[in-house]
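Read through the structures below before going on.
Note that chain A is present in both complexes that follow, paired respectively with chain B and with chain C.
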Partner chain A sequence: MKRTISAKKWREIGQGYFFMSPTIFVLLLFILGPILYAIFLSFHKVELLGGTSYQFVGLDNYSRVFDDERAKIAVWNTFKYVIIVVPTQTFLAIVLAATLNAGLKGEKFFRIVYFLPTLTSSAVLTLIFMWMYNKEGLVNFMLDTLGLPTYNFLGDPQVALAAIMVMNIWSTAPFFMVIYLAALQGIPDSLYEAAELDGAGPIKKFWYITVPQLRPITSFVFIMGLIGTFQLFDQSYIFSAGSGGPDNSTLTVVLLIYQYAFKSMGTMGYAAALAFLLAIVILIATLLQRKFSKEESLY
Partner chain B sequence: MKKSMSIGKMILYAILILYAVVTLIPFLWALSSSFKTLGEIVNGGISFIPKEFTFDNYKQIFIREELFTRWLFNSAFIAVVGTALNLIFNSMAGYALARLSFPGKKPLFIIILAVLMIPMQVTLVPNYLILKEFGWLNSYQGIIVPGMINATFIFMMRQFFINFPKEVEEAAEIDGLTRIGLFFRIVLPLAVPALSAQAIFVFMGFWNDFMRPLIIMTNAEMFTLPVGLNTFKGQYISYWNYIMAASMVFTLPVLILYGFFNRYFIKGISFTGGK
Partner chain C sequence: MKKKWFAGLTMSTLLAGSVLAGCSGDNGESSDQGSSGGDGEKVTVTLAGWGGNPQEQELLQQTLDDFEAKNPDIDVKHEVIADQYMDVMKTRLIGGEGPDVFYLDAFEAPALIETGVLEPLDEYVTDEFDTADFEKPLLEAFQKDGATYGFPKDFSTLALFYNKQMLADAGVEVPQTWEEFRAAAKKLTKDGVYGYGVAPELARQYFLAESSGGSIVTDDRASFADSKVVEAIQPVIDMHNVDKSAAEPKEVGASWGAEMFGQGKAAMVIEGNWAIPFMEETFPDIEYGTAEVPAIKGEKATMAYTVSYVMNKESQQKEASWKLIGYLTGKEGMETWTSKGFALPTRKSVAEKLGYDQDELRGPIVTGASYATVWANGTNLPIITNNFNNQFVSAFLGDQPLDEALKAAEDQANSEIDANQ
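Let's look at the complex of A and B:
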């Protein structure tokens, strides 16, 4: 009897590893292995002439960040981008979700329309916006009609990053809106009914019931937003044809990592070090946000 | 009282309609531009209805850019095969983590959760070097194999299988099916709702991915459409009618897919949001 049990157990172990084998393979070869390899790379100068050669340089790749003017610009651009885009898209998402959830007719139609940017690829969206941002394009025409000043969005370093911000708020807010929509279903009606008895209007109800009730979700949306915005690449790359221009105004950290890794010689190790620093910053931002929102919910 | 209600409703409708217009304008503008002649594009008119309606742009992109069909095929091939593998492998892993016991299960699960937190930029450079070593640059497997599992969806499938009724499996086991036969013939077909939610996200992930193909596919024949579009834009920078037509061709498949999987799509997002 005991034997058959252990045979069965053995079989289950075999099945377990069989079912896990593709995952284990990819984890080792393309995730865990590369992380160790990345650590190694970040301490070396890497040359790709013919084969790959490594030269140990200690912490040089990490200390180099502090003398790198373009890195400073990239960090500053990314920081501005995160600080403006994350709160704006979160706020927009929550307002849209609350409005959609008000039980109006045609909700389904609006939901489908709002979804379109989520479905469309970043490359296509960037091209569409570049076409609209053209000097004589649609956006400038509308600004002009409203009596506002027009801009050379693609060529003016003062506004190029802002143009990308607007585009990305527009395209990511609906995604987070859907997350909020799901969470809104979970708020008990009795809360709103009680508030109504106390004479609260729709705006009061939104601020004093909807927003606080959604706080855990907001925290999640914020973290997702942080992670996404810190990694801005596609839009900057396409917007500036890979350069980060005009005048480095759309240069982001990930675009800089890409340039050092694949567009200039001998800086792959430095790119790996930059990627680690980025990962650490994202991790710290995530932890801070988590801690912050936890403390808040205590009160 | 009643009057204020209807005013409130009007404001809500105004917000909804305004944002719908804001969402639709770029798409309508792109769509209308794709049917305009170059002359109208250059003149910079602001009409949403083309003065001279033409299908020529859609023809021209296939003629002028010989590789356009190839890029379309590359994108479709990578997305379809990549999605199929993800569905099978993520489900297998999710099932094992939910139902089977084997040594190392817990650490594996923790590693999978931890992987979710690591930004892909960290593995970008080493993965490039590894693929180069394998001779997998400019190959389909260079994109598909590293992307054939997905930690988020392994986690989702695990949650799904934890709640999956055990009786179904027990009954099948009595019928003499092996565990593996059971998984593919009984369990997987019953997991279709979870698989559908996964399918659309994974497909979109491959289809819309820009950075990985940009790095791995340096040979123009192996470009996927987003990378191809970017090059195409470089060559035809003032031919916005072509660029918009190409963009529309690229967007259509996802819209069709969304039409079919609409329900699951929302479920999938609320899952990624709810964990």
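Let's look at the complex of A and C:
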């Protein structure tokens, strides 16, 4: 059957591809090409500087991950980060959205105020927070005033990652809050009215109507949060000046990939393998999340 | 028919390609254009480096102006790379867009030399250039297998910076030995002031770590878990955790040693030449002095940090590039560049002429050059440093004993090095 494609058909196909060709070209060059190249790199020992050389090493780059102590630390740090940040920011976003949708006075004003942190670029945000986290900075001043112990947030391995977590929750929760706010408009008032007639209070209404109704959105927020947190890089990079220190406490997977790709020579292939594994992990996490949420999701 | 659509596809791909290619056409121009130059035409040499303070930039510009006046056929295009210098430089070298001449830190030099992207400079050197005039350890940092890949443009060593007022108040003499130093730090620690503001990183502790005969690096592999190294460096940990007379800048809210010193939170710091202009500008009211780093077991020791000019092997303008390097690291150019003391001359003759060894603040720093350990050691030092720093901080903060920390760091460093082979 395939052989009988008529000349006219060919022309149509040709025209279609002709019109698509600029897009195809861009996609190939900037998306598909780099992905394939990265996969190619991950199976080679690559030396780019001074006479580019590729030496096929099979799965060596992948097996190396399991012997690499720093990779383990990076994975553990990233895991801790994801497990804490994603639920917290999702929960915070939903609560913020619900309160801002409750019909209080000055709602619009607070919507703007709450949204502001999202507008700061993460680099600037990190630099500002580093000032506040300074041993003599605002955060320690407040802790001290309240009679709480102060911390060396920038230098103490025990609290450095937590400091980044707080910073990120603060800046990303409002973004998801806006998404929830939009979704809240779509919940029919009749449901709340019916619940009120049945004698439900505000908290019950929140748990039994708002939360279930927002489920598809929660699924979306969760997946986006997962992807975002797995890719944590800039904050910990700036925080530790690229080293992942103190004592590897802010070393994340992407920061490790960066270090192997650009800091040490001849490890580009290993970095590509790590990046590829990270992509697989994110994929699996997303699939699992979708399965558990049992949602015929739109995303 | 078939042909037609295929031609169409090719055409549009080419069109799109040329549009995209147009975006990136500008960068390489300077070095490509120059290649066609020759008789009578001006050639352009690009020089890339990181920025310094405004006065330093001015001095460099003046040196470059002098060079251009002497070599009217050469145009120097100076590029300042603001941040992540080595990342930018490596990427540009890979892409074939590297500058003709650029700065290279001794710390990064061995690895870059090994990749073969640098031009050996020996064949360009004339007798007049006088390589014997350079401080030998500084020059050796840029040599490999008898070939010289760069000439050091300037250097600094570490010296002890002390707050005169605080020492006088505590009735402490400027410490000459490490034992005196430790005792002095104890006395000087009070009311939120620490005796010693310490940077817990290998770049600063290297000379101390090797002072008992151990070595940090052996055959390009980490060997710092050696008990001799642990023993040598233990005092720094003890000053922080036992004496409580030392702290790192972060612990008092400063970003580096001289800032901590300037804010009056440390009575003594061990810093380099770069701290002097900083103190002048930011903390002009602090009365301080400098001295040589306290002797360890009767032996004087310190670190030296140096940067050289190197030439890109792919340069189209090697002759002109060499003229530039030769001038900048030559007696005349170096004298202009180091004349204000932001950087110290690596040539003995220039150092003598400028008389920095007599300078009250810079004297101890210059004196250190003769016995300093240069901060460079083989191709794997960056990996070794990264692992050392990570674990050393945790020992410094008292989270784990030093020997265990260094053992873990050494193992990790060596496994990374082995995996890279």
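Keep this in mind: the second predicted complex is superposed on the first by the 272 of 299 C-alpha atoms of A that agree within 3 Å, B and C clash if a C-alpha of one lies under 4 Å from a C-alpha of the other, contacts with A are read in each partner's own complex, and residues count from 1 in each chain.
Please note the rule applied: a residue touches a chain if its C-beta (ideal position, glycine included) is under 8 Å from a C-beta of that chain, and two chains touch if they have at least 3 such contacts.
For clarity, every value in this text was computed on a predicted model and none was experimentally measured.
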*So, does A:Leu32 touch the first partner chain B, the second partner chain C, both, or neither?*
first
_More chain A residues in contact [chain B versus chain C]_ = B
*Which partner does A:Phe18 reach: the first (chain B), the second (chain C), both, or neither?*
both
*Touch check for A:Thr52: first (chain B), second (chain C), both, or neither?*
both
*asked:* In the overlaid three-chain picture, which partner chain does A:Gly244 touch, first (chain B) or second (chain C), both, or neither?
replied: second
*Where does A:Leu146 make contact in the superposed view: on chain B (first), on chain C (second), on both, or on neither?*
neither
*Does the superposition put A:Pro117 against chain B (first), chain C (second), both, or neither?*
first
*Once the structures are superposed on A, label A:Leu197 by its partner contacts, choosing first (chain B), second (chain C), both or neither.*
neither
*For chain A, what residues appear in both contact lists, the one with chain B and the one with chain C?*
11, 13, 15, 17-18, 22, 26, 29, 52, 134, 136-137, 262
*Residues of chain A that touch chain B when the two form their complex*: 11-13, 15-20, 22-24, 26-27, 29-35, 37-38, 41, 52, 95-96, 99-100, 102, 104, 106, 110, 112-117, 119-125, 127-132, 134, 136-138, 141, 170, 174-175, 178-179, 181-183, 202, 217, 220-221, 227, 230-231, 233-234, 237-238, 241, 254, 257-258, 261-262, 268, 271-272, 275-276, 278-279, 282-283, 286
*Would you mind writing out the residues of chain C in touch with chain A in their complex?*
1-2, 4-6, 8-9, 12-13, 15-17, 20, 87, 90-91, 93-94, 111-112, 115-117, 248, 250-253, 313, 379, 382-383, 386, 389-391, 393-394, 397, 399, 408, 411-412, 415-416, 419-420
*Can you list the chain B residues touching chain A in their complex?*
8-9, 12-13, 15-16, 19-20, 22-27, 29-30, 33, 44, 46, 85, 88-90, 92-93, 95-97, 100-103, 105, 108, 111-112, 115, 117-130, 132, 145-146, 148-149, 154, 179-180, 183, 204, 207-208, 210-211, 214-215, 225-227, 229-230, 233-234, 240, 243-244, 247, 250-251, 254-255, 258, 262, 265-266, 269-270, 272-274
*So in the complex, which bits of chain A are touching chain C?*
7, 10-11, 13-15, 17-18, 21-22, 25-26, 29, 47-52, 64, 67-70, 134-137, 152, 154-158, 243-248, 259, 262-267, 270
